[in-house]
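Each of the next two complexes has chain A plus one more chain, namely chain B in the first and chain C in the second.
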Partner chain A sequence: MPKTYEPIATNTLGSNTTTITFSTISGAYTDLVLVCQIQKSTATGTYLQMRFNSDTGSNYSTTFLSGNGTSAISWRDSNRTDINLDYYAAPQNNSWTIRNISINNYSNTTTYKTVLNRANDASQGTDAGVHLWRSTAAISTITLTMPSNDFITGSTFTLYGIKAA
Partner chain B sequence: MANTYTAIATVTVGSGGAANIEFTSIPATYTDLLLKVSVRNTASALDRNMPITFNSSSTGYSERLLYGNGSSALSINRASSDLGYLYTNAANSTSNTFNNFELYIPNYAGSNYKSTSADYVLENNATAATTGLHAGLWSNSAAITSITISADGFSLVQYSTATLYGIKNS
Partner chain C sequence: MTPISLGIFASANQSAAATSFESIATVSVGSGGSSSISFTSIPATYAHLQLRCIGRSSRTQNSGYAVISYNSDTGTNYSYHALTGDGSTASAGGDASVSYQTLIYFPGALRGSNIFGVGVVDILDYANTNKYKTLRVLDGYDSNGAGYSALQSGSWRNTNAITSITITEYNSNNFVEYSHFALYGIRSA
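Entry: the complex of A and B
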């Protein structure tokens, strides 16, 4: 039986870390799924940040639907220099938040790349985000950063590759 | 070659209906669990709660739900005895419509409290169709060894089905 849902790399932190990088991502899959369970070390900092291929240009955009248990909102932002992966479900220093991030057709060199993202924290809220990276380059590197803070020991990051056939 | 996305078990409800669907003796050999569900409830309503519990525990659950019904979006939260802000089509919903529900549980066998992520839809080509995004927490450090999907005092109808998948990160 061919393996169609394959772990490419996993990282369980042994110490506090600011940036996680998956590099040299093979183009052998159809789609990517990134699963994270994270907590930050202190209360400072804001959202979890993602970039592709180390691109720091204003090439990202975002649309969110978010709820915190009392309010529901939708908002968007264009020409960002990163993808912000959460709003109400931003990482906390006292609870574990989850990210399930789907990056479809990541290795084609014709189209811009879209991302579907779900962020959850039962103590804060739930977010559904769609994101766009305006680049036709194949995604070979994914960088996650916790600005002005760290991911704590025990945070987990796993990148899966999915094959259509 | 290791199989990294494995169907652990599937339950399909028979002609008599069922008060719940249970997955027991879940092995700790995977990294994450993914539960995919399609069920309908016999309650005389358009929809009904579909409470989920772990290890038969009735304590330590909290949740936040963001949902829309086609005309508005709302968000609610609570702490309770189950993850109960999850819904299924019920008897007054369009015939033959079942919900579509997914629950993801990372690091289910670890010693941290268990965070969950879920999505559901109750489409029925009529009003009272809803879709929800759910964040859950079971404040318990025990490994999850069983999952119960409840009919909330009613029954799950025939052909209701649920499959539990295990996902390995190596």
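Entry: the complex of A and C
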């Protein structure tokens, strides 16, 4: 059977950085998986943002399921200019959050793109998000931004490609 | 790019290392739609399976569902638990002694035609003949104002190795064109 789950690119930060971009992503895979371990530099700022192909239009939406050890909640955002990737598991400045973002069928040009996202922060909570980008364009660029803040040195971002037989 | 020998087994923020991640088979639904798809003759050479799904139902409702069964067992030998968010409320549910292992949310025909749901299903220790089989699922869809995010676990009360997987549209409708089901195997050291 053909082996797959190939690392496309890895970025381990050598200095504090606000935005991470994976560009010129090959369309050769079926799904993408982005695995991140993140800490932000200060308490300022809120959630982690993601955009595709530099699209800043109001073309993103989210349905979230989140828990913090006491309660479970669900919420949504519609017509956003970015994907809001977390709630209880938002990046902290004193602990590492980990997340796994699955971008399925990212290079097809027929359907909108649906994203599965799991984010965990051991001190805060856990999130399971489903996100939609209302575009039929193939995803060739992924941008992650920590608004009004930085990802700190040592934060890691690895993009994998999975190819179906 | 060169395939890696160390895959990442990660549907739900888990990054347990496996020695390899291999594509076993893929089913893409054609223009006529399909009420079910099957993977048969699954080799027992892996430690775990991962099923990565993209789907949409022809059901003339907001949502449709995909359900999973094994080895053509249509008995009430399955159960599952689910934690689901609909955008306003988080709820827990499940079923015991049913004929399928889990429900995966897909959009139905009343949602925008370009919107598809996604599910990542991990079937652990599928070839072991001493254990009942357990899966976990992360799935859902968003349609810009509606949708579901869900986490599920399920059990098949059978110690047989899983050699076939059937995914069926729960309400006897079809999975529509561009639905896509890909099965992967994950080897252990």
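The rule we apply is simple: the second predicted complex is superposed on the first by the 162 of 165 C-alpha atoms of A that agree within 3 Å, B and C clash if a C-alpha of one lies under 4 Å from a C-alpha of the other, contacts with A are read in each partner's own complex, and residues count from 1 in each chain.
What we mean here is this: a residue touches a chain if its C-beta (ideal position, glycine included) is under 8 Å from a C-beta of that chain, and two chains touch if they have at least 3 such contacts.
Predicted model, so just to flag it, every value in this text is computed and none were measured.
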{"item": "Room on chain A for both chain B and chain C (clash or fit)", "value": "clash"}
{"item": "Touching partner for A:4 - first (chain B), second (chain C), both, neither", "value": "both"}
{"item": "Which of chain B and chain C A:68 touches, first, second, both or neither", "value": "first"}
{"item": "Which of chain B and chain C A:95 touches, first, second, both or neither", "value": "first"}
{"item": "Touching partner for A:19 - first (chain B), second (chain C), both, neither", "value": "neither"}
{"item": "First, second, both or neither for A:156, with chain B first and chain C second", "value": "first"}
{"item": "If touched residues of chain A are counted for chain B and for chain C, the larger one", "value": "C"}
{"item": "Chain B versus chain C as contact partner of A:78, first or second or both or neither", "value": "second"}
{"item": "Partner chain(s) touched by A:111 [first = chain B, second = chain C, both, neither]", "value": "second"}
{"item": "Touching partner for A:131 - first (chain B), second (chain C), both, neither", "value": "second"}
{"item": "First (chain B), second (chain C), both or neither touched by A:122", "value": "first"}
{"item": "Touching both chain B and chain C, residues of chain A", "value": "1, 3-7, 35, 65-67, 72, 74, 98, 100, 118, 120, 128, 160"}
{"item": "For the chain C and chain A complex, residues of the former touching the latter", "value": "1-5, 7-8, 10-15, 20-26, 52, 54, 83-90, 92, 112, 114-118, 120, 138-151, 178, 180, 182, 184-185"}
{"item": "Chain A partner contacts - residues on chain B that touch it in the complex", "value": "1-5, 31-32, 62-68, 73-77, 104, 106-107, 112-113, 115-117, 119, 133-137, 167-170"}
{"item": "Sites on chain A touched by chain C in the complex", "value": "1-8, 30-31, 33, 35, 61-67, 72-76, 78-79, 98-100, 102, 104-105, 108, 110-112, 114-116, 118-120, 128-132, 134, 136, 160-165"}
{"item": "In the complex, chain A residues that touch chain B", "value": "1, 3-7, 10, 35, 37, 65-72, 74, 89, 95-98, 100, 118, 120-128, 154, 156, 158, 160"}
